[in-house]
Amino acid sequence: MLEMDQVSKVYRTDRVQTRALDGLCVQVDAGEFVAVTGPSGSGKTTFLNIAGLLETFESGTYKLEGEDVGNLDDAARSRIRNQKIGFIFQSFNLIPDLDIFDNVDVPLRYRGMKAPERRRRIEDALLRVGLGSRSRHLPSQLSGGQQQRVAIARALAGDPLFLLADEPTGNLDTQMAGQVMELLQEINQAGTTIVMVTHDPSLAAMASRNITLLDGKLESGGTTQLGAHAQDLACSLIT
Amino acid sequence: MFAYYLTNAIRSMRRNPALTLLVVAAIAVGIAVSMTMLTVYYVMASNPIPRKSEQLFAVQLDSWNPLRPFDSDRPERPPHQMTWRDVNALLEAGYASRQAGMFEAELVITPQGENQLPFEVSARVTSSDFFPMFEPSFRYGGGWDRQADRVSAQVMVINRKINDRLFGGEDSVGRRVTVNGREFTITGVMDQWEPMPRFYDVIEGGLDEVSEVFVPLSLTPRMKFNSAGSDWGWKPEPIRSFEDWLNSEAVWLQFWAELPTPEDKAAYQAHIDAYVMEQKKLGRFERPLNNQLHDVMEWMAYHEIVQKDVRVLVGLGFLFLVVCLLSSVSLLLTKFEGRSGEMSLRRALGANKTQVISQNLIEVAVIGTCGGAIGITLTWASLNALGAAITRAPQALFEIDTTMIVTAIAVSVCTSLLAGIYPAVKTCAIAPAQQLKTQ
Amino acid sequence: METGPIVRALLHHKTGTFLVALQIAVSLAIIVNAMFIINARIEKMNRPTGMDVANLIAISIRSTGDDSDGLADIRRDLDFLRYHPDVDQATVINHFPLSGSGSGTGLRTLPDENVTPTSTARYQLDEYGLETLGANLVRGRNFRPEEVQMRSPGDEPQTAEVVIVTQALGDELFPQQDPLGNVVYWGNMEPATIIGIVDHMQGSWVNWDGLDRNLFHARVSAQNFVRYLVRSRPGRRDALIPVLESELFKLNRNRVIREVSAHEDIVARSYELDRAMTNILIAVIILLVGLTALVITGLASYFVSQRTKQIGIRRALGATRMDILRYFLVENWLITTLGAIGGCLLTVGVGYWLETSFDLPRLDWRYLGASILVLWVVSQFAAYWPARRATNIAPAVATRSV
């Protein structure tokens, strides 16, 4: 469902050139809960940005459901982000001026849905994360855990192909973190694919599969069990 | 501490130069526009002779048509000018300590010497009391005396410009000038004298300039001086000669009396009423008795010297200032809000609320001072531009004096404080910890 | 359109939104009323004159002595003027139209003192007068040479027996009848017959509501002031002025040539205050619109930089560049519109103040519409540039911490 093949990304400043991803090959199947781990600077965030179509890359191919999304223009990439990917960020990234309802509404608005359809989806999503009754609260009136649950509802409401989570518990205390992880597992069991970037091995352990990055390269776990051998072979032939 | 605040303020202004400049510009433009309008209004509405304005009275006698009033829209108003006959009767009777009848004329001066061409000057034809009554300043000599009035002496007062032209600026008292073909002797040279408005004759709106020369009223019959101002008549009278004109019921002269006390005024009113009653017996003054005395400021109001346009402009000018004020408030609010992190940090490091507010207020004061200074410069520039555009009005109308500069400074200080206090205080109302946390 | 969320987001910035809206409201009130006044003044200045103002030259002469033969001087001057190749026609005239200086009189339709006279400006000219002015004699006839009264000082007073009137004066005198051929009475109750009608011509005082009421009669008076009006051949006016000035002086050096100037300049002087008012108000509007635009741009730029993260999040959640641009423009439009609504109320208030305190005519609603349109366009333009910058914020901003 998600296939990256030989993806490379270089950041250039005036003096320094950093190879953030170096021929990365990753494959994720529908229904999986994949954790992407690695130490600081290993390329986790770059992977996340590219997987989420937030950034472009220099070389390699990236396919979503078999469609090559590497060379799309800005508007098309926006549309794919909007329709196929649900984002969950470390710092929640709720819009402070909007209440819970309007925050969940943001991606649906960009999709151009009719109002009744949006309302139904928003209410369902909020119910799912256990915040059905608080839709007119502002983010600042909620706890961190609740805010992250709103962000999850926002990601779910659009019925995405997969959820892309970036250190979803990074800004939460242990208790809230546990609740959020439980929620994510629940969502995964209900059938949604989740790709989670984290540096925390205990979180990664809760995922069904781990991908480990080091210096922008794959350390382990880049493919599903079935395709692992072929994929490794392909990659090693090129490198 | 002040120096520290000032350094911080300047540093902060340089951090968002565009926003800072915009606030300065908004204040400057607001002040320039409103002060320009206000200056013109102030000059028009000012008292041209503050020391004596309550002792000098314009005199009106209702000699008009028995069938209809002088001003059909305001029937209570007598004619604003007087007939030659009545002016002379009142001058002769001498009911007041000083009186002056007058009108505007255009005379021709023929300079001495070869290639000198005759030229025209504006003249005020008036009585000797004009000078002690209205107190123009003299460079050389002075006005003529009452004796000169009585004998219709060919004497004159000239202004500096004409003195410069004819005599190169030297003391010309006693020298002779040819006016309308006759020899006149100069008794005085006036200094710069530009009462604004030209209160002694406001019939044409009061924005006119003071005449270049002054000659005795009693010369009028002999020299056949024609009025260059307006004349109004109601009675069909055959005018064959200049004498017929002087004896007609046409009104074309202004008349002033100096009445130092209220008793003087009451006595004078009684005298002119008695005079009119006397005239009624001769078949003149067929309208109901309606003689009026107005002091200088009343007379200005009577003639609506401050024009409607100017009032409208002052109103719009101050609305404009309100817009600039609102702009400044929202810009400063934005600017200070953007700095709330720094403010919280300062508070966390031990600055109390007053110190943080003072810091903001100093910055606002610096901005206000710059805006005000530029605003006053712009006011001066726009007044000059107006002076160039409106040639008909004397330039005194567009001059900014000390009062107006002080007013402008006061307005700009108030403006910038009004604009600054709210944002400065509001952004400090946040608890120190809150801002740091959400950063 | 995501108007709902934008409005709700704005409600969390009440002070800032309110201030900008209030600024727009006050600006609107100023702009509408200023445009209204400007338009009234421009209409006033552009009223048809009924004369060939562009080609007219006004000459004013004064004799210095009292020994000259006035009528002979006038005859010689007119001969010179009329035979000059660049002159179309010339006349002697008592006052220049639209100069602010003029002579007025009252006419009656009956020889009865109790009839209120109709006031009118009065022009004394010769049989070439109307042709010189370029006035359009639509009915009746012009003055005959023998009808021109030649008058010297000391002559027995004499009123004119034939007059020409403008249509406006004719209608005022004889509302129910044809003025042509009718008789009017001078102040001394002497009669005069209306022999011709000029369709339209403006008189002396531009601020008088009887500006269109004018009376002509044929008279040449020798006084120490003489005025001529000369109609130059098209395009020759400016070259002709200095020539006439020096040649007229050469004809008789014993006089002061007070003025030889384009009639256009004299008319412009009469409207000087109106023009100054118009220019001041235009300047005020330009400053106001400019200031409003700059403030909107400044605030919008600031908000864009403040909301960088938010914009990044929106982009990450699928907003296209177009969506971001639209967001800021809609937000701006909402604030402007809010201001415009407040401005309508304020405008009516200011308009009422002007109407009652200064007898200005009632405000025309079209100006309100036009002004709102101007503010909409200007504020959208002002918000466009910062909004364009906002579209360049990368969606990856969303994943950056802090």
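As written, the chains take the letters A, B and C, and residue 1 is the first residue of each chain.
Quick note on the criterion: a contact is a pair of C-beta atoms (placed from the backbone, for glycine too) under 8 Å apart; a residue touches a chain by one contact, two chains touch by 3 or more.
Owing to the predicted nature of the structure, the values given are computational and were not obtained by experimental measurement.
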- Task: Using the contact definition stated above, find the chains touching both chain A and chain C.
- Result: none
- Task: Could you find the chain whose CA centre sits the greatest distance from that of chain A?
- Result: B
- The pair of chains with the most residue-pair contacts is B-C
- Message: Taking each chain's centre as the mean of its C-alpha atoms, which one lies nearest the mean of all protein C-alpha atoms here?
- Response: C
- With chain centres defined as C-alpha means, what is the inter-centre distance between chain A and chain C in Å? 69
- Note on the structure: Averaging C-alpha coordinates per chain, one finds the centres of chain A and chain B separated by a number of Å equal to 76
- Message: Can you work out the whole-Å distance between the CA centroids of chain B and chain C?
- Response: 26
- Can you list the residues of chain C that touch 2 or more other chains? 402
- Message: Under the definition above, what is the set of chain C residues touching chain A in their complex?
- Response: 2, 4-5, 8-9, 12-13, 309-310, 313-323, 394-396, 398-399, 401-402
- Query: Once bound in the complex, which stretches of chain A touch chain C?
  - Reply: 45, 48-49, 52-55, 74-75, 78-79, 81-83, 87, 89-91, 93, 95-99, 102, 105-107, 109-111, 138, 154, 158, 166
- Note on the structure: Note: in the complex, chain B contacts chain C through residues 16, 18-19, 22, 25-26, 29, 33, 67-68, 106, 108, 110, 117-120, 180-181, 226, 235-236, 238-241, 307-309, 311-313, 315-317, 319-320, 322-324, 326-327, 329-331, 333-335, 338, 386, 389-392, 426, 439
- Could you please specify the touching residues of chain C with respect to chain B in the complex? 15-16, 19-20, 22-23, 26-27, 29-30, 33-34, 37, 62, 64-66, 113-114, 116, 154-157, 186-189, 224-225, 255-256, 258, 269, 272-273, 275-277, 279-281, 284, 287-288, 291-292, 294-295, 298-299, 301-303, 306, 350, 353-354, 357-360, 402
